[in-house]
């Protein structure tokens, strides 16, 4: 249980965040024009591996279409404001009018409105009508309740996302979601998480997941450590889950599960770092919430920020730095690492000498403290 | 003596604070409703393991009743203002009127008033009258002087608490307290500390303690390192003392001594971290001093802050963030990790997949720097 | 691939920056007057090893003459403002008028002007006319295009400098520069880089380089980590490349390649640190850009700061602290480590007991975190 | 040469400062009244081991008498203002009138005045007349020039102090001081340093030193790392030199050389930390310069701050926090660790369970980062 002795009765592993590591170029270099950033999950192919997270500050039915047109997978949160309000305009306006002192209670208030199952169906149909890859997320609890509507409405990719999702949930209450049975019965591919360890990920892979989310969801606005004492530094979590992918690939005789870093990707350089640790794709929230065309109205927040009795994320104020297109494809106007994320990934691959994402997973990394 | 070479004539161990570690979820999850946070010492059972520290800013005869009603053990300091003044109102008012420049000398002044032994008896009777588990603390020096009065007045749990308490105190002056004889003679269970090492804790356990306090008392307001050069990072101290508990359990043929982390628990997540290192319960000061109904009047201080010639703690200014109930049981209105401590512990256990405190001690931890 | 486990599928090396290390004096001391700071590359000898970097904020045809007179090698950037404008006065004025918000876009604008090949020739001739060692730099891409003009114009030292230069560039486009053939054909000595690893450096040495630049060019204004996720802490990079120099010395039967630390040298003490790691010389930008006679007009920037779509460096505001002479030879008026760089190096050698730069490479270093 | 690989051609040791370590109490405690803080060198005994450093901001002929009366050894700098000016009042006034921008050049100016050998004699006689242990310091260079006057004037303890003093100085100029011959010829005990390594210290011990100063002199105002790249973290340096003391004790058949930590002692807790690493005494500057009766006039500076061309220390502004007596013997009015240094040391020994300084050297230490 780790090579560090905390005290005589407890050992621990050292774990690393993306900001503690960096990529080292190989002895080869390439032209940025000659590298590929494409990413594929199941039958769906994307021109880049940057997934828009199911956060109300990033993905609305409208922005999903915009973001899809820019080449990436986009996930709508089916437990967000769009399924609680037929017209969430007033709720977004209330958020936009908040300040750093009031935002927590505003979020608790607007998310107190119950979810309307009919809106779940309506939102999925809205996305389908836009002709995009329709991906939407539910927590494990509500997955059990609403999955039939979601599938019937025509979702392409089903995302089951909670702070921690395990394939082995123990409950004395209602019969909990049996992920293994559920996923095999489903006709659509499932992305599921967060998970953060080899064992947890392996169980999710065995349950049939097409992709696993690595992390605890809260992302850059998460405060899980302060509130719960729980933390899984992302570089370590991704590298552990990538080991589970490798072992499951062998055990399953060739089923390759997508490893998606969900959290910790704050600057463009973090995309390359996540891949260097073994990720196939990244799910980002705050990075896209800074878009002038993001629905966040000056804030970014994870759904955990609206919890009625134990919020485990904060809303963070955002300043618009460009639109979705500029954030993903540039041009960057400074070197803050917030714009031209796909261009930066391409350049990173070229500098380090790798030609596609799978190859970049092999890049040497250093720890710098 | 440690695997780090400081220099050619000195080796050392690495030691860790709670903020350097975090819990890692297991592959299982649970419903928060299905976990138990209860804690037991001797014949007394509590619904949660968060003990109110014997600090005048937290525990008065009045607040002891409030806090007990909220489910936890509460300890009155018998060397605080309540045994120095029949009516400490004026002293508290002087503290409330102080600012960060004057508070140190105000504390030195109000604590210069000698202790009145009759008030020791009166305060214990006051607590008994309230029908709560009556726990009160003395330093080793005054324990020797006043223990008979304390026991006669009907204390349920006797707490002997000093910056460092050893079972082997060397003195050329008055015959010092012989802990071993003393504890075995006493009819009430004794909690004793601070201690911070395997050896010191083992000696206290052998002396008959029902619980040992791990730490140096000063807690979040302590400046022992600056003044004395002494420091025992809490994660390491707790894990060392938990090893002593395990070995003493074997040696004694089954006597289980409660390990209580006394210091370092500043945010709700630290409760789970202390338990992860092997604690059975935590003793908190600053966390409860932020209550609107705490007696601290805008400050939190440890008794060491009032030392006449060598203060080893600072008074820290506090801002009320909710009442005792909200701090312990929520609801939390933001994600700062200061409210709903019991709810956070419950959620932490559920997320990590453990059903009671004893089980949570097994959770995997990581070091993140 | 390193002794640190990031996670189960990824290992890494720890890497160190100059600010994490320091020199330890040997048991001998010397008089500062009796040590030599001289440095030699090919047939050119200099009284100190501090090379002025090809940054427009530092080296102009005029300042090159000043800096050469002060004893050091000075490199003009042939892709900077002096080859884009016959008279760059207006461009420098626009930069001088910028503030921290506008400087990025001003740089993108003034560097959008294309390079005029005739100015390349003119600038080299200007430097030659000043009677100094004429050193000038091009990126690999433009080296291929303009090297004949540069050589014909009479350059003494040819510097090929990019963020990452490899001896093995893969391109599907125009035939890329074949460094090995190119350098052997050339009649002038070539300094080439940046590189950051043993392998990459060894390949450049085998390609015939007289000196290799260690680092990523951006120096103190670089933000490569934020943008690309790439970073090579300088102490480690220099010590790795010095190992390549040693092995190539053996393999080549005696060809000693100069190792030049290009980045990370911010204070005078960093010069000694770079040498302690194995460098023969250092290339500095920001340190000289603080000169009252530097052309930078209140800013220092690397050429990467002007990239049209993905800037990977920031312009940093500078305050004049003395002229070139004072920065290099003193007197220092305070102990900030920004003045009298050569005097400081001399004193460092004397304190540690070494008499020349080659000897100083043997000094013991410690890691201090 | 160390167990950390900086890069493939360079290894290093980890080295530690006092603020990275702390003392751990043993299983025993003592009464503060029953511990001894006394310290002895040669025939001179002191009630505590805190030596006043030869800094003009701390020691004048007048303050030397005050500080001696408070129980400690006090060293006058014979290259300071008191030997440059018959009446340094005006120089001190100029310093007092300076601000943080002008202080460096003011120091360069007032220290430009040459040393008057007659004043060296006069100042020593002044101290003798006060009936105190007369200790005074010279740099190695001036020791050679003036030692006869110093000894003739009746110094009790001769201190040779430079940034780095080696027993093996190499010079092409005037014949340098041969420490070994010099010390054996001298009739008074010699304290010599700074040194920072086992080897350098062993050579000084073999040269006959009664005490060695560990460190680089500049102390809290030193900027040697920024300027020269040289640094020896104090915990490591003291522990290395203590190893040399142990080995020399054996080799010499019983000569015990005093190890004096000269630098890094900023707070009262650092005194205990230095002893824990093996020091017998500490030399402090900034701690005493904060006295209302210190001659520093609102600044503390090391003599290196006045160097004409390469200052390697900064003057730091000080705020009076009490007089010499309060700083050494209390009472402390807060817990900042700046007052009652001897009382804090006494309490630290009591808490950790040790009865004298030699015993305290055995205390367990931890590394906390």
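A, B, C and D label the chains in the order they appear, each numbered from 1.
Note that in this section a residue touches a chain if its C-beta (ideal position, glycine included) is under 8 Å from a C-beta of that chain, and two chains touch if they have at least 3 such contacts.
This structure is a prediction, so every number in the text was calculated from the model and none was measured.
A.B. asks: Give me the fewest steps it takes to get from chain A to chain D if each step has to go to a chain it touches.
C.D. replies: The least step count works out to 2.
A.B. asks: Same or different: at the chain A/chain B interface, is the fraction of residue numbers used by both copies above or below half?
C.D. replies: Shared-number fraction below one half, so different.
A.B. asks: Measuring from the mean C-alpha position of chain C to the mean C-alpha position of chain D, what distance in angstrom results?
C.D. replies: 40
A.B. asks: Could you tell me which residues belong to chain A and also touch two or more other chains?
C.D. replies: 13-14, 16, 236, 369
A.B. asks: So how do the chains connect up here, line, ring, star, complete, or something else (other)?
C.D. replies: ring
A.B. asks: Name the touching chain pairs, would you?
C.D. replies: A-B, A-C, B-D, C-D
A.B. asks: Can you tell me which positions in chain D touch chain C when the two form their complex?
C.D. replies: Residues of chain D touching chain C: 1-2, 4-10, 12-17, 20, 104-105, 108, 163-173, 176, 195-197, 199-200, 203, 223-233, 236, 304-305, 308-314, 369.
A.B. asks: Quick one: which bits of chain B touch chain A in the complex? Just the residue numbers, please.
C.D. replies: 13-14, 16, 18, 21-31, 33-34, 198, 235-244, 246, 267-273, 276-278, 330-337, 340, 343-344, 347-348, 351-353, 355, 364-369
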